[in-house]
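Multiple structures are listed underneath, in structure tokens.
Presented sequentially are two complexes of subunit A, the first with subunit B as partner and the second with subunit C.
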Partner chain A sequence: MKMIGKQHSLPWIACPGFLFPAFAALILFFVLPALMTVAVSFTDWTLGKADFTWVGFDNYAYILTDPDFLKSLRNTVVLTVIVVPVSFALSLGLALAIRSLGGRWGELWQTIYFLPVTASLVAMSVVWQWVLHPEVGIVAWLLSFFGAAAKINWLNDRDIVLFTLAFIIIWQMTGYYMVIFLTGLLQIPAEMYEAAQIDGADCAWTRFRHITWPLLTPTSFFIFILTIIKTFQVFDIVKALTRGGPEKASEILLYTMYQEGFSFFRTNIAASIATLYLLVMLGLTLWQNYVLGRRVNYTL
Partner chain B sequence: MRFRTVLLNGILALGAVVILTPFVWMLSLSFKPESEIYTPFIRLLPEVWDFANYAEAFSTGEVGTFIRNGVIVTLSVLALQFCTIIPAAYVLARKRFRLQGLCFAIVLAALIIPQHVVAIPLFMAAGKLNLLNTLPVLIIPFVTSALGIFLLRQHFKTIPQDIIDAARIDGAGEIYTLWRILVPQILPALAAFSIFSIVYHWNDFFWPLLVISDMDLATPPLGISLFASDEGGNDVGPMMASATIIVLPLMAAFLAARKRFIQGVTMSGMK
Partner chain C sequence: MLQLDHITKTYTNVEVLHSLSLTVRSGEFISLLGASGCGKTTLLRIIAGLDSPTSGRVHIGGNDVTDWTPSRRNIAMVFQSYALYPHKTVRENIAFPLRMRAPWTARLPVWGRFTSEGKKLAALIREKVPAMAEALNLGGLLERKPSQLSGGQKQRVALARALVREPSLFLMDEPLSNLDAKLRTEMRREIIALHRSTGKTFVYVTHDQTEAMTMSDRIVLLNKGTIQQIGAPAELYGDPANLFAATFIGSPGISVFPCSVDGDGLCIGSFRMRNEAAWNLAGALGPGQYRLGIRPESCFLCPSGDLDAIPAAVRLVEHMGNERIAHLDIRMADGAVFPACVRVPNDFCIPEKHAWFRPSWRHAFFFDMAGNRIRPAATCRVIPLKKAAI
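Presenting the complex of A and B:
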């Protein structure tokens, strides 16, 4: 018998041929590029330059005082502040309603509300552009039908554009969070409700407050963080619909990074924004893992 | 009780109208001739059904090319991911070795790193290697998936050791055991991962946007955005026809296998 229990009797590596393709790719396409991005953020390197010097935190000092970047950061936060509570409340409400209906009706509504999740957001952006068209869009027609005289330029008015984008994001993602909530609701044992019924909890609100909500806390927290992450990742509709305009009113973090890196070729600035973005993602994910422990994975 | 059901259905139906409006409008416009599009009077159904938009989507919009590229890219990515993640996940799940912790840490790190952060160095590397504006550049960075390894590892862990031992006693080699005995045990997980991967890469916009500028190499989302910002900007009918064609395959897959599809897509909640 070998001494399996002892660490030093284990080989350093097992089946290297099985591990190599995946780990070579993970290191080459994820770990190393991420480290390079962080490294570039501390240099003055821009695309095409032959050499570079280390500049410490200069790039960060630059972006954090740059009004355009701060505006973009602010827009991202505003978008998050609108999208997170609304999609959270809507998806929870939908999940509760669908769960209580159950059966064929429940399935029908679940299917319909999930439909936007499957659609390419870029393709649907093109469609939204014509749904929201100030002259010939269906929304303009509805408004005039209800007697509103003013033509609202949903995507071209800097006071409105962020709300319009928030609306489209919510339209697309609510079904996604809804099905995660439904999974969470299914895990609450039915006996809990039966027991509550016996104890005299007849009213739906009482049952929600004392059973559903407490038992749903892990799911709720998971979705809360997920909505923030997903909102920070918004890029497609901004690129496809507004290009950050008008007057940078809808410019968000990833779009600014894209512009700096791939339109202005200020690679060092783009790398600094990407690094900050990575820190935010890292912080949110670690927070989520810390609170939920090993349960993060339960949507699988 | 009866009243509550009616009320809930009523509220959900109102929301469903909002959800479905863009899809209905897309279909409606895709069948309308131009004269019916630029009118403030909204009609859901076209007065004259015009299928020319779909023909034009394929001729000027090249939507056929986008679909072809999308199919090539998503299926190549998926096939390569299978080849890399299945063996790696198996070894991580069933073998014991000293670098195991480090390997798992690499998987977790790659799981957290967003695509947008690695895009800058990968773009520069692609430029150096003269890979910009080629189909391989859309495939190579995605030959493996940390999420896939993570997921399959969990499923490989649940297989009873007896099955592996039995195969060993019968003289089966490592490769045979993995692909013929173990992989069939985790088909549901593979199916969920496949759906995740296909949806992700079919709809991915960011990476194609950076590395492809040639219309002939565009994947569906990039293609329609190039078409919309190009000549097609005011060709509403053909544009809506293109959008319909691009959105349709995944939607059909969803309607055909609802549970599996939802399971696959929500997996990305991890990302």
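Presenting the complex of A and C:
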């Protein structure tokens, strides 16, 4: 094709020139470290060691039989199984409620529910530590006010700590998912509901089942994947609140990796955990891209 | 059939409908015609029950339905954007109103299929949906999704969805405005045929006078939330109630001139008319200021001056094939220029620059300065009954 007009032709250096900074940063800080991590996971190299030997899948064999790692994996999965459905349902429910409320009150509630997202979790951890304190915490005070005798140690009880963490994660992230759901809801044309009303869908549940839910599928799937990824990424509250304790009851994947890499300096082990983690994330992302990419275009 | 009783609608201090009353007969095709923002869609939504009037009552089939839900009113509506359910196939789109009106036991996800109501519903859908699709030329498209259909096909699906059950009333909100010109003419005829074959009452909202004129039994002409005129298409064109109706209907539009009557007869702007017809009209109108409306076919071009001809400049001649339309500029003594339109048959010659514009006085419309129609006694066609009896 012939170029029309001179303003369309750029000097040859322009395109690579514009791309270079971004590409350089991406390769230097993301692609190279990722590849090096994968490489390290196949060696016996640890931080500070001068030489290394290739050990094949030994590191993977080690972590997959290591009870501590398996416990951490199990904790992560349990956390995900609690957090994903609850925050999904909660954020969808809140989005629907706020959408039906509308106007200034809707905006007010939206802001309120979004506030935890904007808060720094490490700072909030201090607050949670105080709120959940078994002796002087506000929860303990409330419980004793209502006559509960037992003192529950929210963050130091092996059987409870995961649920406590799940609660805090849900508390923090629900507002974020809610806002995404709200944008999804906004994209459903009002005429759909009007047509459904005229066709006889009088009750709100019917309209939700036949209009809202199917038209929201792309958003819902996106949120579903996002909640899984975000839950796998949980690190800071564990580091700040429990340090994986008590007795590794709240140790999760990223915290284990951090411990192996930066407390025990077993870089090779940390690298193989990181590689597994990377594979899971990559799989989820590819799945999401695949599904969302080939979905029917629902907008008219 | 449909009766609107002093409908008023106010949106945050802005009154968009001012006490509208209207009676639609059973089986009638009625159009709500008006420019955008005149309140025609709001009125339709009030009839549908999607909006509620600020005051006034809506009656359908003898029932006061003002407080009824849209589905209880048993109306069908076709939206401008079709509003098809994008995730459902054509078959499911058409079946949806049937499904929604079935008893709730028939609609249970899996269990419903095994109930007797569920079987009845399935049989009804099997019977009605393919028949409806056949009637609207959608035969091979039943398994498609709306995104795989053309605009005309979407429109047909929307019609099928509206027609599949037996609604008491059809409401259509500019259903053809998203189609291209050729398809629009075709669909217009199909909708007329549908109206004939179903015999239902249709309320049709449009801003397109051609649609309203060609399809309707009666037209309700709206402007700024008030009814300007209700009447058959021929009535609106041939006997406009006011200046708005006269200027809104007709393409090319009516030419409007200032007109005054004094003791010496009738003037169009600064030109005094000297023929007998104008003199008689002046007597019938009485002295005063008026506005004169002349349709493009109610006037002539003359090559030379006459007793009631006005000098005009030919600005533009449009060839329509079967005729030509001459656009003239008429300059009054005070310098004001008024445009005029004349339909000219092909075998008449149009002067290149200067022509004489001559109204056909029998078909001229007079309005007072507020825009209300004045019917001079001499041209009054309706003889009051009492006088006729004597």
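To be clear about the criterion, the second predicted complex is superposed on the first by the 278 of 300 C-alpha atoms of A that agree within 3 Å, B and C clash if a C-alpha of one lies under 4 Å from a C-alpha of the other, contacts with A are read in each partner's own complex, and residues count from 1 in each chain.
Simple rule for what comes next: contacts are C-beta pairs under 8 Å (C-beta built on N, C-alpha and C of every residue); 3 or more make two chains touch, one makes a residue touch a chain.
In this text the structure is predicted, and so the values were computed from the model without any measurement.
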item	value
Which superposed partner A:I269 touches (first subunit B, second subunit C, both, neither)	neither
First (subunit B), second (subunit C), both or neither touched by A:V117	first
Partner chain in contact with A:D199 - subunit B first, subunit C second, else both or neither	second
Residue contacts on subunit A - larger count, subunit B or subunit C	B
First, second, both or neither for A:P189, with subunit B first and subunit C second	second
Touched partner set for A:A240, first subunit B, second subunit C, both or neither	first
Subunit B versus subunit C as contact partner of A:L215, first or second or both or neither	second
First, second, both or neither for A:L47, with subunit B first and subunit C second	first
Residues of subunit A that lie at the interface with subunit B and also at the interface with subunit C	296-297, 299-300
Complex contact set, residues of subunit B against subunit A	4-5, 8-9, 11-12, 15-16, 18-23, 25-26, 29, 37-42, 83-85, 87-88, 90-92, 95-99, 103, 106-107, 109-110, 112-114, 116-125, 140-144, 146, 149, 151, 154, 174, 178, 192, 199, 202-203, 205-206, 209-210, 220-222, 224-225, 228, 236, 239-240, 242-243, 246-247, 250-251, 253-255, 258, 261-263, 265-267, 269-270
Complex interface listing, subunit C residues touching subunit A	48-50, 69-72, 75-77, 79, 81-88, 96-97, 100-101, 107, 145-147, 161
For the subunit A and subunit B complex, residues of the former touching the latter	4, 7, 10-15, 17-19, 21-23, 25-27, 29-34, 36-37, 40, 47, 94, 97-98, 100-101, 105, 107, 109, 111-124, 126-128, 130-131, 135-136, 138, 140-141, 144, 171, 175-176, 179-180, 183, 222, 226, 233, 235-236, 239-240, 254, 257-258, 261-262, 267, 270-271, 274-275, 277-278, 281-282, 285, 296-297, 299-300
Sites on subunit A touched by subunit C in the complex	189, 191-192, 194-202, 206, 210-211, 214-215, 217, 296-300
